[in-house]
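In what follows, structures are represented as structure tokens.
In the two assemblies presented below, chain A is common to both, partnered first by chain B and then by chain C.
On to the complex of A and B.
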């Protein structure tokens, strides 16, 4: 190999590693994607999402993740487009007026394989409260290998019984701790969910405490 | 051109080529290499093998808009040669399209050879690249001037090539045309030439295949040369080179095979074998063997809600560890050392987050103890819920 080819190859290799940071200095501050065409495509994707009333921050965050992970421009575009589709799907499933946090939680649940019908079931369990945290915990449990049906049953039982989002999140954290100790995820969920249930007032007590309430009890 | 002068130039070129396997990394880089070369000149005047010592320094400085590279070498063969050589090169990506990159460089050498006079070589090149994730192409050219004992010759070269990548395999095909008045090189290689011609022209067709596994690499090169004008020479050369990374800072490099004459730099044809030890001294070590590290995540709840995510990574000071997540817009978190671990700590409000860790620019991984989820980029991230 000739000398100039040696040097040129070396420098070309070096440049491949700094392309993202170089683009950061040269391109728009919001999306430092090196590939100009891909960056424009991502920006169009975000604009389309905004026009549909979808939140744009999750899409920007997805693009930034791709930049940090040095994904190709095409892959970043594809990831952002997929996230936008999931957000749109989550909006339909969590109707009528989901919050941004709920949309993100719903989209992430779909990523790990939570069936779309389960998002509707979660919404049905808490029609007037934010289901972001229950969805987040469901997502984490399913990602840990807990069968989705089993996880959904435990979480919706807690929701209907009047557990607060913090208590439901606590179940997820406890399961994480149990799994780290060697317990199977679904067994840990069973135990932890029962533990929370034992702290909740009985349906009769709920009726006495909140005689005028209809439907699930508001979180404490 | 004397035999000794030709030998030192050849050794010099090998020393200059040793650090060529650097991988992409946006970090300043300083390396020192020291090694041994054994050289056998080709052609009818070939003498006994020559032993030489090699010492080289390489400095690479990447910025957000360009990269600069400088390399200096000293070559010494007892009773035969002492020489110093330097090269400076730059590469600049285009603003309108990052796939386009222009690079250029100059090189110079001065030498004083016992019993073989003094002289030098200067050369420069410019090249345009198209680089994508899976392949690319280049087109370029260069000129060179070689003088020794008041005899001066000029050369120029034009070359173009394409390269591609499939998983860990890289391959390239290139064509180069050299035009030169340096007939000494032809004679040294045993090639016939027209004594009445003022310049000769030769064409090279080169194939290179390289396998890369982390910082390790093994490359095979095959070159076919054919005389076009003022020479009927035909030659084929096969060579191999490799890098074995031993630790974060130390690597072994080696080359073996035939080097065809390079008129632009005045390098003669020869068979050679080299071995060198590379030491990385930069602020961050070069790509290292270890491309993963044991990272554990834990959540420390705080009274009233929220908590601290703590990621502990078992890693030496020489490893480059990055921890990032959606809570930091995927910008790496600062790390500090605690009892042998590199630790990242971040306070989070209740909610769901994703976090990932990578070592030495390797793949992003989910820390242990966390649920693993796909990340849409072919990798993974850790998922956590803060109560």
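On to the complex of A and C.
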């Protein structure tokens, strides 16, 4: 074989490698669902989601959750389809370009009953930063029994005042343990949010903490 | 100068022929100006395109071969980079590189001071009490609910434990006993399950 042919073969191999690598990365792995019809339906669902530009990993994870929980094939298919719908809804609500983590967090929020409009409000509070953590905390607070409206208000206030995702997560975790030890969810959130707010140097945070923030000061 | 020209791997066969003809002419004296004019004329001649030289094996020079090899290498590199970009990263599936759970605290994740605390994996310890179980493993959204992928180790006290690095955020999980029985963590808040109706547990992970 001449050098020229070797080089031509190398180029062809490289191009084939690129295509195969890309195809392998995007194609769904074979899911361990015993019911063949259900498995094919799930795989079609995942392919449809991929065609819409949705991430497939959360759907594979949802299907695997069903396998581990020994759900029927039909139920797994239904759960994957629901998750795909939630991801699509979250993508629209968290526009313009949400990350996969944000989409999953948005879908989880919708599952626990957070109204769709609240996802938009969270995005509006942080248009350029990841809202995955605030959404996770909102989900957790609502799941623990804090009214969604109250939870949203406290979280967006923290976001606008300059709290970091870690500080917001800390509020969520503290409320979680406060509720476990018997404190009312509303009260726990209020006190923990105020605690973080006191650490923030922004004028907005200080204004919220000041006694005057309860009402307009009378002119002298 | 001449020696370096002789060793130049990029030398053109046409220029070589011109040189040989000039050398073999009887009584020919090296005339630098004439040589310059000839070489200029040769270089001014239209040359085949890069694609033509790439696809025509008879005209393929050493330079073209090197170029083709470089293109192939670059294509492979770009392909694998792209693959990494579209497949879940280690942050998305943090257990991939950790191996079996040992119960040891993987401090290498915690000591990554330069990383963004909002995204860096946080070592998270799970504890489960069941002296009768022969095997306990951890399943959750962080390991795609794959039973057996994250085993817990049994301590002398009868407690089972595993420490795994998790991305910050809210995670739902459960324990699998002896390969089949799925149970929620009795020490953690419960997580409802609208899709399958099997309650799990929830953990909020963040850098403390």
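Observations
The criterion applied here is as follows: the second predicted complex is superposed on the first by the 173 of 220 C-alpha atoms of A that agree within 3 Å, B and C clash if a C-alpha of one lies under 4 Å from a C-alpha of the other, contacts with A are read in each partner's own complex, and residues count from 1 in each chain.
Here is the rule we go by: contacts are C-beta pairs under 8 Å (C-beta built on N, C-alpha and C of every residue); 3 or more make two chains touch, one makes a residue touch a chain.
Remember, it's a predicted structure, so these values are computed and weren't measured experimentally.
Of the two partner chains placed around the shared chain by superposition, chain B and chain C are both touched by A:108. When the two structures are aligned on the shared chain, A:34 is found in touch with chain B, with no touch to chain C. In the superposition on chain A, A:51 makes contact with neither chain B nor chain C. Contacts of A:130 after superposition: chain C is touched, whereas chain B is not reached. When the two complexes are overlaid on their common chain A, residue A:143 makes contact with chain B and with chain C alike. Once chain A of one complex is fitted onto chain A of the other, the partner contacts of A:100 are limited to chain C, with no touch recorded for chain B.
When the two complexes are laid over each other on chain A, chain A has residues 2-5, 7-8, 10-11, 13-15, 17-18, 21-22, 24-26, 61-62, 64-69, 71, 75, 78-79, 82-83, 101, 105, 108, 111-112, 132-133, 136-137, 139-140, 143-144, 165-166, 169-170, 172-173, 176, 179-180 in contact with both chain B and chain C. Remark: chain A residues 1-26, 34-36, 61-62, 64-69, 71-72, 75-76, 78-79, 82-83, 101, 105, 108, 111-112, 132-133, 136-137, 139-141, 143-144, 165-166, 169-170, 172-173, 176, 179-180 touch chain B in the complex.
Put simply, chain C touches chain A in their complex at residues 57, 60, 65, 68-69, 71-73, 75-76, 78-80, 82-83, 86-88, 92, 117-118, 139, 141, 144-147, 167-170, 176, 182, 189, 191-196, 198, 202, 204-208. Across the interface of their complex, chain A is touched by residues 13, 16-17, 19-20, 22-26, 60, 62-67, 69, 71, 87, 89-91, 93, 95-99, 101, 103, 105, 107, 123, 125, 127, 129, 131, 133, 136, 138, 140, 142, 157, 159, 174, 176, 206, 208, 221, 262, 264-265, 267, 299, 301, 305, 324, 326, 329-332, 350-352, 356, 361, 364, 369-379, 381, 383-387 of chain B. Taken together, the chain A residues at the contact with chain C in this complex read 2-5, 7-8, 10-11, 13-15, 17-18, 21-22, 24-26, 57, 60-62, 64-71, 75, 78-79, 82-83, 100-101, 105, 108, 111-112, 130, 132-133, 136-137, 139-140, 143-144, 164-166, 169-170, 172-173, 176, 179-180.
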